[in-house]
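Here chain A shows up in two complexes: once beside chain B, once beside chain C.
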Partner chain A sequence: MAIPYEFHYEKPLTLQAALELLDKHGENSRLLAGGTDVANEIRMGFRVPGLLIDIKGLEELKAIRVTDGALHIGALVGFDTIRASKPIRDHCHILYEAAGLVASPGVRNRATMVGNICSAVACMDSAAPLLVHDALVHCRSLGGERVVPVAKWFVDNRKTCIGGRELVTHVSIPLQEVKCAGAYQKMMRYTGEDLAAANVGVLRFADGRCHVAFGSVGPIPKRSPRLEKHFLEHGVNPESIVRAREMLEKLIKPISDVRASKEYRMHMAGVMLERALIAAGERLKMPRVIAGKE
Partner chain B sequence: MKKISFTLNGERRQVHVSPNEILLEVLRYKMGVKSPKSGCDSGDCGACTVILDGKAVRSCLIFAVEVDGQEILTLEGLSADGLSPLQQALLEKNAFQCGYCAPGMILSAHELLSNKPHPTEGEIKEAISGNLCRCTGYQPIIDAIKSLTQKR
Partner chain C sequence: MEKLHAVGQSAVRVDGKEKVSGAALFTDDLEFGPDLLYAEIVEGPHAHAMITKIDTSEAEKVPGVLCVVTGRDFPYNFGLYMKDRFIFAQDRVRFFGEQIAAVVARSPAAAKKAARLVRVSYKPLPKILNPLDAIEGDASLIHPGLKSYEHVPWFFPQPDTNIAHHRKIRKGDVEKGFAEADHVLDDTYEVPRYAHCAIEYHAAVAKYDHSGRLTVWASSQSPHTQRNLFANALAPMGIRHNDVRVIAPHVGGGFGSKAGVTMEILAAAIATRVKGHPVKVMWNREREFYNTYQRLGVVARLRLGVKKDGRITALHHELYWDAGAYVEYGANVVNAVGLSAIGPYRVENASIDSYCIYTNLPPGGPYRGFGYSEFLFGLESHMERIARHLGIDPVEIRRRNAIKAGDLTAYGAKMNPSGLMQAIDAVAKEIRWDEPVLPGNDEEAVGKGFSLFWKAPAMPPNTSSSCFLKFNEDASINILVSGMDIGQGFLTVMAQIASEVLTVPLSKIRTENPDTDRNPYEWQTVASHVTWGCGNAVKLAAQDARNQVLDLVSRTQNLPKDTLYLAEGSVRCVTKPSFRMALEDFVIHGIQMPDGTFRGGPIMGRGVFMPEYATTKADPETSQGGHPNVHYTVGAAAAIVAVDKKTGKVKVRKIVEAVDCGKAINPDLVRGQITGGILQGISTVLYEEMKFDHRGKMLNPNFTDYKIPTSLDLPDEVVPIIIEVAEPDGPYGARGMGEHTMIPVAPMIANAIDDALGLRIKTMPITAEKICLALLKKNEVR
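On to the complex of A and B.
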């Protein structure tokens, strides 16, 4: 189906040129990286820009680096690259795990993680891994750099706090001092192209701390401080998990839609929380450090 | 309109496109390459798969202007000198009925085998997981790809 909307297209080759275009066109422009969300949205007449700014020519946004105590993932890093990246597997295994569940290989070959959190559809797979790792989102505009904790990044379904003249250059994930291991669970009907009807990310630390994040059970993906406090006080054991699943009823607000009823989502969020806690606990026992330093 | 040039099945081609033209439609209606199909038009079904700079991608989710300077391979290029061994294996196993998914399925399998000549069954299933087939139930397709990896 041909796209009935018209717009202009620019492909800047330097970050400065991209920022100048953004500054000039502001809200009337849209950034294009992998395009797997952008093309669909434009086809549906949603967020159609006057100018599409293709940032795939910006080489500096393609890197994955481990420097200054953090893992840095550039805005143009695709999910296929994440799957092939040893630094990401070593330092943020849960993101590696989640990336393998994003749609299908043909979409992962194109879609980027930063695009995923910029589209900010509530069921995105990148959010829970980034939330449990306290990732930071680095935005640039002509005015300079702004760093936003990922916990404050999401504002509503499909809405982030990015400014109209800003571009996300990269996401940084602090390397953990304490040994830790994560696990990601995604509720879906089949492998290949399904969106998460609910997802859970867990990061467990050797010192007893436990980070928990949920996606697709509310307008934005979120950490659950109440559950984290609960597990810190009572440890992670069969009894505390049963209690946590009861607490969940008041902590998340899933909706019913074409993919699942709210009751099913609620039930599965509890099941997935349990599975993720157990998986992360088993991984924490493994001699090879899956995330963080020994 | 912008003039873009790219390599299509080994041949340097040029075409004028508007920014809102989708690669799939430009390939089919401006370049005469009909193997990529329009199925869901939203990246779910894989019928529009082409190989772009060595990677299987969804041509329904790419604006044609984006591929300026790049290299595209479709089924027409893959079988330019007759059926590829992969296509021959699919034929022998009677792996398709209507054939609508075939071009995408073959290119996804081609990408897998180019990177990994001896994949496991799990890897084969993963590689074609984004290519929907409504006729044969996948098993003959998987068998055909597997038979090829054993022959090598």
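On to the complex of A and C.
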């Protein structure tokens, strides 16, 4: 694959060295983790950096840990690692579920979850699971650490609130006090790998709360406070689901593009919401806790 | 019936070990040393425009660039059946992405960088993106020079229109036939364009050396036809056929896209400007979609009259083909369908109008099925609808109308022997047609669909195949042929045929990819004809070698030739059971006589096959009188589908397909073709969808948004069934079957969806979205 664009390349071996490079080159640099987005964007000439900083050598960004009441997922953790991680299956099953639907096995072998939320393409699979779990994004620069709730992370399609001299070290997912269970639904043109034409994440709690997030039906993935309030007030039942699907018409703004028409996206968002709510409800009834603490 | 030892066996592929071990080399794997140059193509960003200026000065300044070539360097046209195509665009571009110029450089990066600096000015012209617009009276002409293009005698271009060819059938009395009908169904079906999606990209490397020899290495289905077209196109430069040599390495999938000549001619032409250097032109996935061939789109108006009992009384089929910017190959798709759009039915009164229409979309060309998938989508949907309307079982209506040996085809020649009825029965039994299917849950609807299919090879009447067969000292054999193994198992089947005749085991037979300097002529590996055509040539070559062997033994051993035969690699004699001469004892060095002298020498067989009964000579107004198609291969198929009523998503539970291949020379390979064809068919009906914007630019030239199935999208069960009713002039009775296997899939899935949901969809593809939105419109889903 010939890339007709020229750029410099550095591979720092410590986080400090990476942050120094970032500090020096700022917006003129880009970070390379899995590279499944970056390599394409450079090949096509969309976003060619002056300096490509390869962070794959930073061992401290590869960990998945459960400490201090949270699940921590390092910036270099790939989707296949997520699929193989027992702590993630136990504490954030919806992320495990979504990770299995990202692209194809080859891409999952390289692509990272943090890369996914940094590329911030509206159809990403990671956002809805992280949103319903109130995850936090941990950014570092030479100036120190900054923690951003994932609900405030996305600014626009392909745009986050990350600073030009920052890198994301990890994402943390608070462990839930109340028993809960999630479900992820992805609208795909077929069963094989696809980008989500729309997606829905639901996290239902034993105390009746319900978190709902949508992706690919607007410029950024979002929680839906209106629906969450609706389900808190009316519970999750066939009638409240019918009402919720009616409310959806005003809550999301899907577009028509090569992947689907807005009519089909709107319809599918409703079907997926219903199916995710039912699936999460079934999981909540299972004796083993799928996410959160007993 | 003769007892066969090699033919009819599911032999392991002769190229299997090479491919599995990684020893197999493809064009892009070949090494050409430090002199290798790379060409990058400059594309036009208009679907239809005049080129007013090309400025290459900035591109030429890029370090590493040797030269920039444009249409002015090669003012030549070429084409397989009609010379309407150009090496580079001349004064105008006719589709979005057409090649305008090429930059030749020492590295791909330098070539790409410079290509972006070639400045081209255009004057846009009105563009036509739909075949029905192109035949409006005021439509602008895409090829004002149409009337001057050379073409084969069986094409009928309409000068000063956008109609490059019109194939007409007039058979019987159609008016009377419709008058006699109890029921007439009239409707329009649309099948859009499709892409082949071979995994290996097109690739070509060409070298024009200082002696004037042009060698081209290309991923190709057609090495000899490429040599012919290169030599013809470049003849003004003094290049002759014996100056051109095409070497064809392994091919990673073709499906028609690597037949004829497309991008390969760029390498051949560019090489003449950089003598002594090999030049590589490598396509990428995007160009695979928009600048090779695409399957033609079609709008088909179909009117079918039947009696109450379902018997067909008349058929009128009008097909408006979106053939694209250049139709040098695609016009023959239009022709083939024009001859065959009655389907595998006995139709006494038929009229067919098949129009080849220029549009400003990428060139249409050969694609597995060669137009038959497209017209049978409508015809087989129609048959099912008529059966349901009349209350006749859909399988029964097909039995009542199925064409039989001796019935007249649309052009008046007799139908060849076929096992169509056996195929129908075998499929109906295996799919349990008479038993109901049950949904798996409340949100699912299930249904069954049926379809017949047929197809003939579409070839010039003088299409030929040939073979050299050489013995080696140990009585191992090299078979030299020029067909291509594009995954179907061609090389294995040729070896099996030679093994059958010469009783030499397959392990001692080598058949490899061709080099046009060394291997004898083959037209192309297309039309599902090589097992039949080249198989005949190999059989004749093997028989020629056997004849030489028996002659030699007869005259040296004083045994009557008609008492001699081959068995297990030795010559035996019916009257002298103890007589045995092993082939390895004499096939190169001959047989020594009592006086010490030798007789014989290397045994080399030669075989040539041409169907000497074929002719395209017929009345152009009716197409009656000729024998353009050598034979039809027929079959039947059925599917069970389950549809998610809330999302429209279709799951194929089971597909059964029976094909009458005459004789399965290698049954496993036949079953592989059936399974592969079914999957390709499923892909076209359920997933693949080309999208173009208002400028004629393809919006999804990639696998992100042009979907072909993964292993997760396969049917739960596929049952291939082999029917064998021998073809009289086929090797061991074999006839072609490779393309045919995908043809029934689209209509039978459409029929099954209709059965499940009561929803008739008349435009392909039948995506989940299309089904779901149609159900929403009917208020049958929430």
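In the analysis below, the second predicted complex is superposed on the first by the 291 of 294 C-alpha atoms of A that agree within 3 Å, B and C clash if a C-alpha of one lies under 4 Å from a C-alpha of the other, contacts with A are read in each partner's own complex, and residues count from 1 in each chain.
Keep in mind that, in the parts below, contacts are C-beta pairs under 8 Å (C-beta built on N, C-alpha and C of every residue); 3 or more make two chains touch, one makes a residue touch a chain.
Quick caveat, the model's predicted, so the values are computed rather than measured.
Peer 1: Tell me which partner A:Ile3 touches in the superposition: chain B (first), chain C (second), both or neither.
Peer 2: both
Peer 1: Look at A:Thr36 in the shared chain and tell me whether it touches chain B only, chain C only, both, or neither; answer first, second, both or neither.
Peer 2: After superposition on chain A, A:Thr36 lies in contact with chain B alone.
Peer 1: By the touch definition at the top of the document, which applies to A:Arg83: first (chain B), second (chain C), both, or neither?
Peer 2: The answer is neither, since A:Arg83 touches no partner chain.
Peer 1: In the three-chain superposition, say which chain, chain B or chain C, touches more residues of chain A.
Peer 2: Of chain B and chain C, the partner in contact with more residues of chain A is B.
Peer 1: So, A:Lys179: does it touch chain B (first), chain C (second), both, or neither?
Peer 2: neither
Peer 1: Contact-wise, after the overlay, does A:Arg243 reach chain B, chain C, both or neither (first, second, both, neither)?
Peer 2: neither
Peer 1: Is A:Ser104 contacted by the first partner chain B, the second partner chain C, both or neither?
Peer 2: Touch partners of A:Ser104: chain B and chain C.
Peer 1: In the superposed view, which residues of chain A touch chain B and also chain C?
Peer 2: 2-3, 104, 191-193
Peer 1: Across the complex, what residues on chain A touch chain C?
Peer 2: 2-4, 104, 189-195, 245, 258-261, 263-264, 267-268, 271
Peer 1: Inside the complex, what are the residues of chain B that reach chain A?
Peer 2: By the definition above, chain B touches chain A via 2, 18-22, 25, 38, 41-46, 49, 55-58, 60-63, 65-66, 68, 104, 108, 111, 125-127, 129-132.
Peer 1: In the complex of these two chains, what residues of chain C are touching chain A?
Peer 2: Per the stated touch rule, the residues are 38, 107-110, 112-113, 116, 646-647, 686-687, 691, 699-700, 704-705, 707, 709-713, 767-769, 772-773, 776, 782.
Peer 1: Considering only the defined contacts, which chain A positions touch chain B in the complex?
Peer 2: My answer: residues 1-3, 5-9, 11, 32, 35-36, 39-40, 42-43, 52, 54, 56, 80, 103-107, 109-110, 191-193.
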